[in-house]
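Okay, so here's the structure we're looking at.
Note that the chains are named A, B, C and D in the order they appear, and that numbering of residues resets to 1 at the start of each chain.
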Amino acid sequence: MFDSFVAGQLAIGASVGLTYALVAIGFTLIYRVLSAVNFAHGEVYTLGAFATLVAVTTLKAPPLAAVPLVIVVGLAAGLGIERVAFRPFRRFTDEASLKSRAVREATLLSSLALGIVGREAMDQVWHGQWLAIPQDKMLNQPVNLGGVMLSAGELAIAGLSLVLLVGLQWLLLRTRVGLEIRAVSSNLVGAQFSGIDINRVVLATFAVGSILGALAGMVVSLAYGSIQSSMGLTVVLKAFVAMVIGGLTSIPGAVVAGVLIGVAEGAASLWVASAWTEMVAYVLLIFTLIFFPRGLFRRRGA
Amino acid sequence: MNRPLPLGWLLAAVILVVVPAALWLFGSAYAARLAQLVLITALLAAALNLLIGTAGLLSLDTVVYYGFGAYLTAILSTNYGTTLPTEILAAAAAGALLGGLIGWPLVRLASIFFAVATMGLATIFHTTVLNWVDLTRGPMGYRGIPAFKLGEFTIDGWAGNYYVIAVVVLGGVWIVHRLTHSYYGNAMRAAREDEDCARAMGLSPHALKLQAYAVHASLMSVAGALYAHANNFLSPDNFVLLESGLTLTAVVVGGLGSLPGAFIGALVVVLVPELLRPLGNLRAFGFGMILFLSILFLPRGLWSEVSSLAFVRRHLFREGWLKR
Amino acid sequence: MLKTLAVLAAVLFAAAAQAQAQTLKFGCYIPLTGPVAQYGKSMLNGFNMALKDFEATGKLKGAKVVIQCEDDQNRADDGINIARKFVEDKDVLAVLGSWASTVTLAAAPIYNTAKIVNMTPISSHPDVTKLGPYVFRQSIIQTAEGAANAEYLMKLGVKRLAMIGLPNDYGKANIALTRKAYEAKGGTVVFEEFIRPDAQDFRATLQKAMRENPDTIYMGLFAPQGSLVAKQARQMGIKIPIYGAAALDSRDFLKLAGDAAEGVRMLLVYNPSTGPKMAEFFKRYEQQFGAPPEPFAANAYLTFTMMLDMVATQMPKVNRESIREGLDKMRDLDTIAGPLKYDPATREWNFRFFPGLIEKGSFNVVK
Amino acid sequence: MNLLSVESLDLRFGDRNVLSGISLAVPANGLVAILGRNGVGKTTLLRTISGLYRPAAGRIAFDGESIGGLPPHKVVARGIAQAPEGRQLFADLSVEENLRAGARGMNQAAYRRERDRLRAMFPILDERSTQLAGSLSGGEQQMLCIARALMARPRLLLLDEPSLGLAPKMVARVFEKIDAIRAGGVAVLLVEQNARLALMHADHAYVLDQGRMVLEGPARALIADERVVAAYLGGA
């Protein structure tokens, strides 16, 4: 009895952790290329959720048919964020300024500010209200997996995490644009000398990363059913923590760390009240950093 | 950097004479309240500036030490009837101690790792004050914090409050100024630019950063002590991550590494949201826009605007290495 | 040049004419941006509708009523800033607000010191009216709700209760006061936990609660979290009844929880079935705003209507002090929520609670 | 006609004139060297040609068309590749991937052909194909850097200090490759500190000082020029 309870807590934690992981994938991809934190990523996630809502309510589409709309929205958001919050700070092609501290700090704040603007704009459109995905469109059908009860939404989150992770690894390791993304993230100056169009690669990164973010918003909203304009705020912080624990540049690392955070929260809830578990991710973060100052899964050579 | 000594006196004169005179003439407690908040925020920004501008550590833990000093003072003055000098000393010492303890492992972390770790501290602090009800009275907030007491005298009324805050804040900013314009400041900058080189010069980057971190914690803690009395009320909501972000915004908007900039930045982050009140539910949108545009067009902050113009001219036009 | 002067003169003249008619200005501080902005916006609707209705009654005798609503972002600091501002605006006769008890508790002492009335239509923390003689409230209070909850729970035969609350001033007071009253009546609370308001998965808490074998789950939550808890409980196959705080009386809850809302019980204050006046209010509100009112809107409407009615009787000699006296002298009031009584000893209004049940997607009063 | 011609090029960083009035020419299939001390602007000149800096005045023409102001990737697309100072390899990518990143607009078959040609030229890259570039020795990294530039099938190769930090034996190997590249029909513009070595391989050379061209001439003549010997060859 007690054991199944503990297992249940950990399983719930892992499922929550997967939502962090899902958001962390796109977030980490963007960080990897520019060494810049895109705080507006949370708003892309929220936009993905709203796009899903519009698709299933206004357009009366089945949940799966929302995918193209969500991809278009994510793409547009990604390109927009790059153009507005990041491009203006890459004015100089000199290596000193491309990934310099000043640029990193400026884009950290500009993306944060753009995030506020985006969030408040969505707030105006949807009146800051909590909105619901209609029940018949939600992925909440119970699924019996060898005695373990899961919801379709959880399976969708886990499945999408896996698909995105594998898809992204395929893109990075097997395609030309993936190679260019890795080249730019490895050595920006070298990439210029190799004839790689930096702007194109950065745009591609934002496009891919933001599509992933919007898809994450879609699946999570279909699984949990509640949407509000500030929903991306906490998630992006958790994704950030997952990225750092995972070693900053490792996408599988971020996914593992995201799940780890969820499981740690689940484990902590065995001992302390839920209200205290808010700090679990951060305690985990600080302890990780004290013992592994560069994260758990640092890529070789980086 | 030219020594801004006359500027310092000018600033002190404005804060100690011009602003109170204006407040007295127009007799507005609302303006006085905002002036107090500007000064407290300026001390926070100056302390953060010490960490970012000199030691090169981007930190989001303002609320930790600010809140620590505030709650410490609230508890001391409510339960033990302490007076101002005791409280300032207690906040400074306890802040430095806490900063030293937390900073010891943290300042070793490189750039973004440090920033995220401090972000974590802020959340841990907020969760603690929210849930440790016995100590902090939790979400109901700490009400009924008495006014400033100096020996036998109780200082109330806006003028007294204002002067207490102004004097302490100027003192704190002066300390930051002395530290950054000394051998010590140069050593810290050296450690920021090149740790190996600094080590070769016989400096210990870890010790230097740790000292900067402890000093910044101590100053923020003092700012918190002032805030507790000025507000008479503390709530965990005053110490959420977002408030750390506001201090960082003050530093960035005012200009990194610039002390007058700390005052200007504080002015902006306190006054702009107030001035935007008529926007109603577009207020946060407006603040985001202003923040965004100021980062875009004033990459070096407001106070360094003169040098930033030179920078732009140099880099964008004459030099001609602007790509597009 | 001459033309400009003429225009200027005309403007000044118009302004002077305006000034001759009495202006009654009220301040209000509510959250208009940030995560809880929608509640503030509901209140704003209530105020505006009250104002419009009142103007239609003709009791104003040519005076002009203005309500200036400022955004407090649900932050205590902003509440204090706004308070300093309103206190200095000599035209502001009284102030309404805020939504959250935390903000009201921070700002109200300033109004009290400045001898200007702060009346909150929402903040239900027991301490609010204890802040001073200038701080009033016209809303349900947590102690009364706690007692009524206990009574309803006992009537339902609940023996073992699991309680889940929000870790803020509202949730802590709601849980503590309901628990106290419930235990005093002989009930047992087998589980109590506060959740993280920004999380969206509460199954860990539910699983912990179920281990203690409760026969009912109590949610001291608002609609966004309450709906998720209810949905996830049903999803986990939890069959025991769910009981909610009065704050769950919100269409948001029905919309967000869907089928999981069915059978949830709570106390109701504003329901069209409670009387013809309330039914009429619901109908007119829906006509005006395109949706039925939330309790926050109804309460804001009720409070501002009362304030305006009272002020109208004092015209033209209305000032900050007269408003406090007027409010203090009130005893009985006929409102959309039925007849209300003011108790000068506790300085609270007694709102009536109706036992409620969600059936077929609507809130119904149980007879 | 010259393959590359630079005419009265000016470049400024802020108030500082970094390059002024630079003119030079590289004929098709030529090997031209630029000599000078540290910090006189040689690397900056190459980077300007590659499009990393935008000139303040003057003209850079490649094959008769102006390329001044083109972004770096377009310059590469026109046929100018550079093996830059410090090599700037993709350290956490494999040797093979470094080469692939350098290839431009070719299909799989063309890529393989080109890669195999370079592997034949630099056999060490074949052996180390799956290793991370960052784990190679200095000389191997230099080979990879040159090979990566050649993957773009340039008509002009800019080489910035290829001998820097290498053992003498390795330096000789690198210069053998340079001769081979030139023999393969690619013009080379070489920046080199080791003036004697450069002059021995080049046809023509320019001497840069304080951002200005102070001397130019056929390599054979310069190697005998007393001023050059005194200033650049004596201590080398």
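Things worth noting here:
Basically, a contact is a pair of C-beta atoms (placed from the backbone, for glycine too) under 8 Å apart; a residue touches a chain by one contact, two chains touch by 3 or more.
Computed from a prediction, not measured in an experiment: that's the story for all the values here.
Least step count on the touch graph, chain C to chain D: 2. Across the assembly, the chain pair joined by the most C-beta contact pairs is A-B.
Of all chains, the one whose mean C-alpha position sits at the greatest distance from that of chain D is C. The most centrally placed chain, judged by C-alpha centroids, is A. For this pair, chain B with chain C, the centres built from the Cα atoms lie 36 Å apart.
The distance from the centre of chain B to the centre of chain D, with each centre set as the mean of the Cα atoms, comes to 51 Å. One simple way to say how far apart two chains are is to compare their mean CA positions; for chain A and chain B this gives 31 Å.
Those residues of chain C in touch with two or more other chains are numbered 33-34, 37, 41, 167, 194. Residues of chain B in contact with two or more other chains: 130-131, 281-282, 284-285, 315, 321-323. The set of chain A residues touching two or more other chains comprises 93-94, 120, 123, 128, 273, 275, 278.
Across the complex, chain D meets chain A through its residues 50, 52-53, 71-73, 75-77, 81-84, 87-93, 97, 100-102, 104, 132, 134-135, 148-149, 152.
The touching residues of chain C, counted against chain A in their complex, run 33-35, 37-38, 41, 167, 193-196, 198-205, 207-208, 211, 223-224, 227-228, 231, 235-237, 252, 255-256, 258-259. Across the complex, chain B is touched by residues 35, 37, 85, 88-89, 91-94, 101-102, 104-106, 109-110, 112-117, 119-121, 123-124, 128, 237, 240-241, 244, 248, 273, 275-276, 278-279, 281-283, 285-286, 289-290, 293-295 of chain A. Residues 5, 8-9, 12-13, 15-16, 19, 120, 123, 127-132, 134-135, 140, 142, 149, 151, 220, 224-226, 228, 230-231, 233-234, 265-266, 269, 273-275, 277-278 of chain A are the ones touching chain C in the complex. Interface of chain B with chain C (complex): residues 28-30, 33-34, 37, 130-131, 133, 138-141, 143, 231-233, 235, 237-238, 273-274, 277, 280-285.
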